[in-house]
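These notes are about the structure you will find just below.
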Amino acid sequence: MDLFLQLTFAGLAIGSIYSCVALAVVMIYQATDHFNFAQGEMAMFSTYIAWTLVGLGAPVWLAFLLAVGLSFLAGVAIERVIVKPVENAPVLNQIIVFIGLLVIFNAVAGWIWEFTIKPFPSLFPADLGFKSTLIGPHHIGVIALTLGVLALVFAFFRFTRVGLAMRAAAANPDSARLVGVSVGWMLALGWGLAAAIGAVGGILVAPIVFLEPNMMAGVLLYGFAGALLGGVSSPGGAVLGGLVVGVLENWVGQYVPGGSELKLTFALILIVGVLVFKPAGLFGRVVVRRV
Amino acid sequence: MAFLEVRALEAYYRQTQALFGVDFRLDEGSITAILGANGAGKTTTLRAICRMVRTDGEVVFDGQDLSGLSTERVVRLGIAHVPEGRGTFVRQSVEENLVLGAYTRKDKAGIAADMESVYGYFPRLGDRRRQQAGTLSGGEQQMLAIGRALMLRPKLMLLDEPSFGLAPLIVQEIYEIMARIREREGTSMLLVEQNASLALAFADHAYLLETGKVVMGGESELLRNDENIRRIYLGY
Amino acid sequence: MDRPNPVTPQLLAAVAVALLFAGFLPHLVSDFTSFQFTQAMAYGVALLGLNILTGYNGQFSIGHSAFYAVGAYTAAILLYHFEWNHYATLPVAALVAFAVGFLFGLPALRLEGLYLALATFAFAVATPQLLKFDAFEHWTGGVQGLFVPKPEPLIEGLSADQSLYYVTLAVMVLLMALAWCLLHSRSGRAMMAIRDNPIAARTMGINTALYKTTTFGISAMYTGIAGALSVFVTEFVAPDAFNFFLAVNLLIGSVVGGIVSIPGVIFGGLFLVFLPNFAQDISRTYPFVPPPWAIFGIFLILVIYFVPFGVWGAVERAFAWWKRRPAGSGR
């Protein structure tokens, strides 16, 4: 029973990281109808920036905040400079631009920081004032912090004027322009937020998987799986989907023979399974398109 | 110079030209209607003023040339467009739609007051403040679209077929409310309608559009008494 | 209805010249260069698969590395464990890849555009891990992979590299001809109709589901054959050679050559073999130039911005412009 609970709590911790990535994916998807395949590599790059700042002597929390802020700015810039020219291009062209970004970030990270594995410090103290055999301090911190970040994001969208404008721009760009919303900048802002949320995910996962340029490939895949499971049209669903996927991953790894070695295959099966059997996800709405 | 002056306006959808030199003017505080058959370019004219299509020619509003501006900049000058098909934000609530209408304004107190006045014009919206806009009936969505436009405190409203797809009684109700808005706010309106008799009764001036060109224009009274207009567009 | 015969004398002449040139090439260059051209042609075959799928049928795949791996491993296992003749493994690799592609195409059927891209992305990312899986280690060689011998020269007097060059050339030309016939047939037109307007295609009575799955299978088959050929060239398979970046490579080659083209795959293949060396040289010589992969990524984005139709698309456009120009203005 203890093992089961340990697995579940650890799954929730890693799952909340998937939730961050899933949310980042869903944000860009809702605004533009595109999956940003470079989301994981962008988060990886952000994590390296935090690592560098720590190396320069910055306290780990300061490094975290700076890296997240820089990622936001970088996300905005990437949308304005690189993605905007293909805004109205066919889907394939856009996918290829995302892939190009993925490759560039991966290669440049390997070039600057090399492909060796680096330890990354946890944001949270090793001693939280109490001991539990069921869950470690980093995992508790991860769950608390991601839930906090997600609550902030939801409050932003729900209660602020810009958040409302972003939702409007995503849902109906023409009408949004007609009430004076600058849709292009809302898209850029969405990219910025997605990059920032992704950075949170990257910095939280780094102490668990170790920092290296390819660390996010699996996380992104699980993030996609979580987003699809929850429903790509539902940010709340995506968060829940990420948690479910994290827990499932741990259970499968422990209780299914070969499961620990085939974690990516599990993600693949999950993605294809959801797409085939429940394309709208658990909480998404079925989109009926007029033809 | 008139409040809104349109000269030699051309518009294109990709390679296809839709307007071939449209000229007309609108005086401050007046209501002008644009009539025409399907595909004559009525909607395109409104979209061209709001810079939603590629255009050539001149549109001057309140002394300012609109060409080269983005749609959002045009909106910020005080032009509120109630688009074809209403363009409501269906997943947002009625209230959120109205808040979005005032997106370019900063005066919180004024916004709150205007929201109450919109609910005054359209009591039905007041009853449904928290309801998702997508669940409203067609007539209510049209009301919401007009209400959202009012939230801008517009100097000029562009109305694209407010009667479209609605039952006659609802159409009558909406036009009555629009008349009241005009009376109280003195807003200038540029109205596009297929229902010519309705439009001519409501507007001070009217222009007739055929295949992307203005073929006739003047006081509504004048058009109403024109033999051809009566036969082709009014049908009696 | 009368259609102009697509086989024009100009086309035949162009093909003949190209073949003649390709036939003499190994005698003009070193063995190593022939080896590189062989690799480029193997890539070209894989790109052909991707072009049929994406360019002509409108389905996206960013996971073709998986089918490349299927072909490569099929050939390698037959060579290593059963000591088959090299060339006998090709049809088997083709069949297995077709089957895997067809099966993957079944669920993929319900997926459109982006979702399909996502599913194939997941497939590509998961492939190396599957290949390393313990339970298959006896067959796949696990992380180490398998070493296989190079095929013996078919004709005396040719070096092994030259011989392999000719075999690969023959396979590529055959597969290009087959693709050309397929695309100019009734089925090919149906595939393109599905790409251009799936709903209209269905109302015209085209069984879109069957066409899409079969196209996926054919595409996987081409790429699987390419994988098998690549094993003959490199004499070696290992899981990490079939990672996501191979899928990216294939996509790049396809786009650079021109995704809606058949001859473009040759340029795509050459690009994939020769550009990395070139990029590597640059980044070695100038310390502040980013690494080859980053140059690849930048190049990819630039191609999409400025020549989304690729090399062959550019050739076709130039050709069309030449034909359209008023007579006499050329002087």
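Labels for the chains are A, B and C, by order of writing; each one numbers its residues from 1.
In this section, a residue touches a chain if its C-beta (ideal position, glycine included) is under 8 Å from a C-beta of that chain, and two chains touch if they have at least 3 such contacts.
Please read these numbers as outputs of a predicted model, since none were measured by experiment.
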Could you classify the connectivity of these chains, where an edge means two chains touch, as line, ring, star, complete or other?
line
Pair joined by more contacting C-beta pairs (A-C or A-B):
A-C
Could you put a whole-Å number on the gap between the CA centroids of chain B and chain C?
55
When the centre of a chain is set as the mean of its C-alpha atoms, what distance in Å lies between chain A and chain C?
33
Averaging only over C-alpha atoms, locate the centres of chain A and chain B and give their separation in whole Å.
43
Under the definition above, what is the set of chain A residues touching chain B in their complex?
161, 164-165, 167-168, 171-172, 174-183
In the complex, the residues of chain A that touch chain C are 33-35, 37, 82, 85-86, 89, 91-93, 95-97, 99-104, 106-108, 110-111, 217-218, 221, 224-225, 228, 258, 261-265, 267-268, 271-272, 275-276, 279, 291
Which stretch or stretches of chain B touch chain A in the complex?
50, 52, 70-72, 75-76, 80-81, 83, 87-92, 96, 99-101, 103-104, 148, 152
Parts of chain C lying in touch with chain A, wherever the complex brings them together:
54, 60, 62, 107, 110-111, 113-115, 117-119, 121-123, 125-126, 129-130, 132-135, 199, 244-245, 248, 251, 255, 259, 290-294, 296-298, 300-301, 304-305, 308
